[in-house]
C-alpha cells in the first residue's frame, strides 16, 4: 500500500468520544500496580493477605486422599494457555508438591493441548525438586479431549472409576462444571473450585466444599507463595478498586442530583445527537418512580 | 398414648426420607415429567419479559430492505433454547422483509444445520419466499473469533468476500447492496451459547445496535450490558424464545392469518421447563420443611 | 498415499503446493535451530531471553490496542468506502494476522502432543490388558473412524468444489452419521444431564441453615417463580402501572436481577478485570514465578 492510496478523514478513533478516558484509566491502574510492587519490594512484610479458606484446605484434602489411598483430581478448565491457566498452574504445582511428599496418586486431566504440554513439564519438575522423580507417573497428566462434553464425560468417568478422594477445579469452566462437581460429590470427594466464569460459580457453590470467589482466584499464587512482588501487585489492584469505589460513590450523588431535575434543552439535544433521543415521559422522573421502579427502565444515554 | 408415639415415629420416618431423598428418585421424576411434556406439550400463559420485548420491538420497527447481521453461534447441545430463538427471529425478519447475513463462530456444522431450516421456513405463508443469495446469505463458519469480529467492524465486505453463494461472492448479491460498513447495518444480533458476545461488546465501537439471544445460564453476565444500554434488548433461554413467539402471535395472530406459524420449539420446550422448575422449587421447599420437622422432633442435630 | 496426496492438492496449483511445503520445511528448520541455540545458551541467560520473548509477545497486543486507528477513504477501491485501519505502521493489522496465524499453527502442533498422550495411555492399557481395556478399544476405534471420515469428507468437498466428477454420497452420508447424528446428539445428551444435576444439587444445597442462606433461598425462589408463567398469572391481577405494579412477580424478578444482582456482578467483574490486568502485567514483566521455564 502506497502513501497516496487513501485519504485520512479522522485520526485516533479509539481516543475519540471519551475513549481517551479508558486509556487513561488503564494507565492509572497499571501505575497503581507498579507502585504496589515497588513498595512491596522496598520493604518486606509490609503487605499481609487475609486467609483464603479454599487454599488452606489443600493439605487437608490431599492428606485425606493419602489416608484412603485414592487419587487427587485436578482440572485446569477449558481455557487456553493464558493468565488464568497460569494461576491454576501455580495452585496445581502446590497440590502436586504435597501429593509428591505423601506419594498420593494424582490425575491432571486436560482439555487444551498447550495447557497439557505445560502441565506435564510442571508435574515432572515438581517431583524432581521434591527429590522423588521415581514417584512421577507419566500417565497421571493426560490430555483427554478438546470437545467440551466429551471432556466432561471423560472427567466424570475418571472420577467414578478412580473414586477420587479430592478434586480441584481451577480455571475457566462452562456448562460442564456441574457434571464434574456433582459426580465427584457422589463419590464423596472433597472439592475446591475456583473459576473466573462467574456464571458457573453458583453451580460450584452448590456442589463443592470450598469455592474461591471472583478475584480471590488471582490472589491464589500470591497467597501460596507470599512473594513480596505478587503481594504488591495485589495491593496495587486493591487501591485501584478503592479508587473505582470512590468514583462510583461520587457518581451516585451526582447522578441522583441530576435525576431529580428536569433535563435542559441542551441536554435533550445532546442525547438526540448521540442517537438516543429522550422519550416522552423520560424528561423528568415522576415521584412514583423514585422508589425503585424507574431503575428498571432503559437508561437514556 | 402408645399409638401417638407410633404415629410420631412414622411421621419422623417420612420426614427423614424427605430430608435425604435418594437423588435417583429425583432424576426419575424429572425424566418422567419432562418426557411426557416434551411429547405432549401443553399451552402455558405468558407475560413477556421487558428485555426480550425491547429487542423484538426494535427489530419489528425495521423497514423493508434494512440489513441485519446475525452471528449464530449455538450448537446442537443448546438446541432446546437457541433453536427456538433462532426460528422466531428468522420469522420476524422474513415477515418484515429485512435482509440478513448469517455467520457462525461456534461450530463448522451449523451452516449445514440451519440451511434446511431456513429453506423450510421460507415456504411458510407470510415469510415472503425468502431465497438464499437474494434475500439472505449464509456466510458460514469462521474459525478465528477475534479476527472475524474485528474484521466485520473494520471492513465488513473484505471479511466475508471469500464466501460464495451460487457461484458469486456474497458481497455481490443484492443482500449486500449498499452495505459498505457495519454502520450501514441496522443491528447485529448474536444468538449464542458461549462467550462470543464478549468480543462484540469489546469491538463493536457503537457502530450499530447490538441484540443478544442467549441461554438462560448466561443471563446473569449479560444483563448488565442491557441495563447500561449496550444491548438494545436480550432474549433469555427458552423463555426468550417463547416471548418472541408470543410477540409474533400478537403482531400476526394465527387465527387472522391462516397458515402462519408463530409457535414452534419455544412453546414446546416451555411447558417441560415450567414443570421442571416447579419440581425444583417443590424439592427445595420439601427438603427444608423436612429439615425443620426433624429439628423440631430433635432427630436432626 | 499418492492418490491421497493428489486429492489433497486439488484446489491448489502445483507451484503453490511446493511453496507451502518449502515454507513448512523452512519453519521447521528455523524452529529446530532456535531450540538448539536456546539449549546452548548458558542457563543464567536463558531466563532473561525467554522473558524478553514473552514481553515482546505481550507488547504486540498492547500496540494493537494503543496505536491510533483512523477513518480513511480508499481511492480506487471497489466501493470507495470509509474504513478504519491503523495509521502507523499502517499495516499493523497484517502483522497481527500473522501473529494469530502463528499461534494457531502452534496449537495445531500441540494437538499432536495431546493425541500422542491419548495413544500412549490407551495402547499401554490395551497391550498390558489392564483394567477396563475394552473401553480403550472403543476409544481408539472411534478416534480412528472420526479422523478417517472427517478427513475423507474434507477431500470429497474439495474435489466436488473443483468440479471433479465422482461418487461422493457415501462419504457424505458417513460424515453425517458420525458427526451430526452421533457426536452432536451425544454432546446434547451430556449437556442435558445438567438438568438432573441441577435438581439434585439444588435440593441438597438450598437448606435454611443461616440468615444468609435464608435470604439467598428466598431471592432464588422469587427469580425462579418469575420465569414460571403460572406464578405470573397469580399476580397478574395487580395493576401494570403505579406503585402496586412493583409487586407483580415478573417485576420483582426484574428488579432483583437488574438492581440487586447486576451491581454485584459488575463488582465481581471489575475485580476480575483488575486481577487479570495485574496478572498480565506480572507475566509480561517476568515477575510471576515459574513462567519463564528454566
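Letters are used for the chains, namely A, B and C, taken in the order the chains are written, and counting of residues starts over at 1 for each.
By our rule, a contact is a pair of C-beta atoms (placed from the backbone, for glycine too) under 8 Å apart; a residue touches a chain by one contact, two chains touch by 3 or more.
All values derive from a computational prediction rather than experimental measurement.
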Closest chain to global C-alpha mean, per-chain Cα centroids: C
Of A-B and A-C, whichever chain pair has more C-beta contact pairs: A-C
Remotest chain, subunit A as reference, centres from CA atoms: B
Cα-centroid distance, subunit B relative to subunit C, in whole angstrom: 21
Subunit A and subunit B, separation of their C-alpha mean positions in angstrom: 27
CA centroid of subunit A to CA centroid of subunit C, Å: 16
For subunit B, residues contacting two or more additional chains: 23, 50, 77, 220-221, 227
Multi-chain contact sites of subunit A, meaning residues that touch two or more partners: 13-14, 148-149, 175, 198, 296
Sites on subunit C at which at least two other chains make contact: 82, 84-85, 187, 190-191, 198, 200, 202, 204, 206, 254, 258, 265, 269
Residues on subunit C engaged by subunit B in the complex (per definition of touch): 78-79, 81-85, 93, 97, 100, 104, 179-180, 184-185, 187-188, 190-192, 195-196, 198-200, 202-204, 206-208, 217, 221, 224-225, 227-230, 232-233, 236, 250, 254, 257-258, 261-262, 265-266, 269
Subunit A - residues contacting subunit C, complex: 1, 4-15, 23, 26, 29-30, 33-34, 37, 80, 83-84, 86-87, 89-90, 93, 110, 113-114, 116-117, 120-122, 138-139, 142-144, 146-150, 152-153, 161, 175-176, 178-179, 181-182, 185, 196, 198, 203, 205-207, 213-215, 217-219, 221, 225, 227, 229-230, 233-234, 236-237, 240-241, 244, 288, 291-293, 295-296
Complex contact set, residues of subunit C against subunit A: 65-66, 68-76, 82, 84-85, 87, 90-91, 106-107, 110-115, 117-118, 120-121, 124, 132, 183, 186-187, 190-191, 193-194, 197-198, 200-202, 204-206, 242-243, 245-246, 251, 254-255, 258-259, 265, 268-272, 274-283, 287-291, 293
Of subunit B, residues touching subunit A in the complex: 23, 50, 54, 77, 194, 205-206, 217-218, 220-221, 227-229
Partner subunit C, residues of subunit B touching it in the complex: 21, 23, 26-27, 30-31, 34, 44-47, 49-51, 75-80, 109, 112-113, 143-144, 146-147, 154-155, 157, 180-181, 216, 219-221, 223-224, 227, 239, 270, 273-274, 276-281, 283-284, 287-288, 291-292
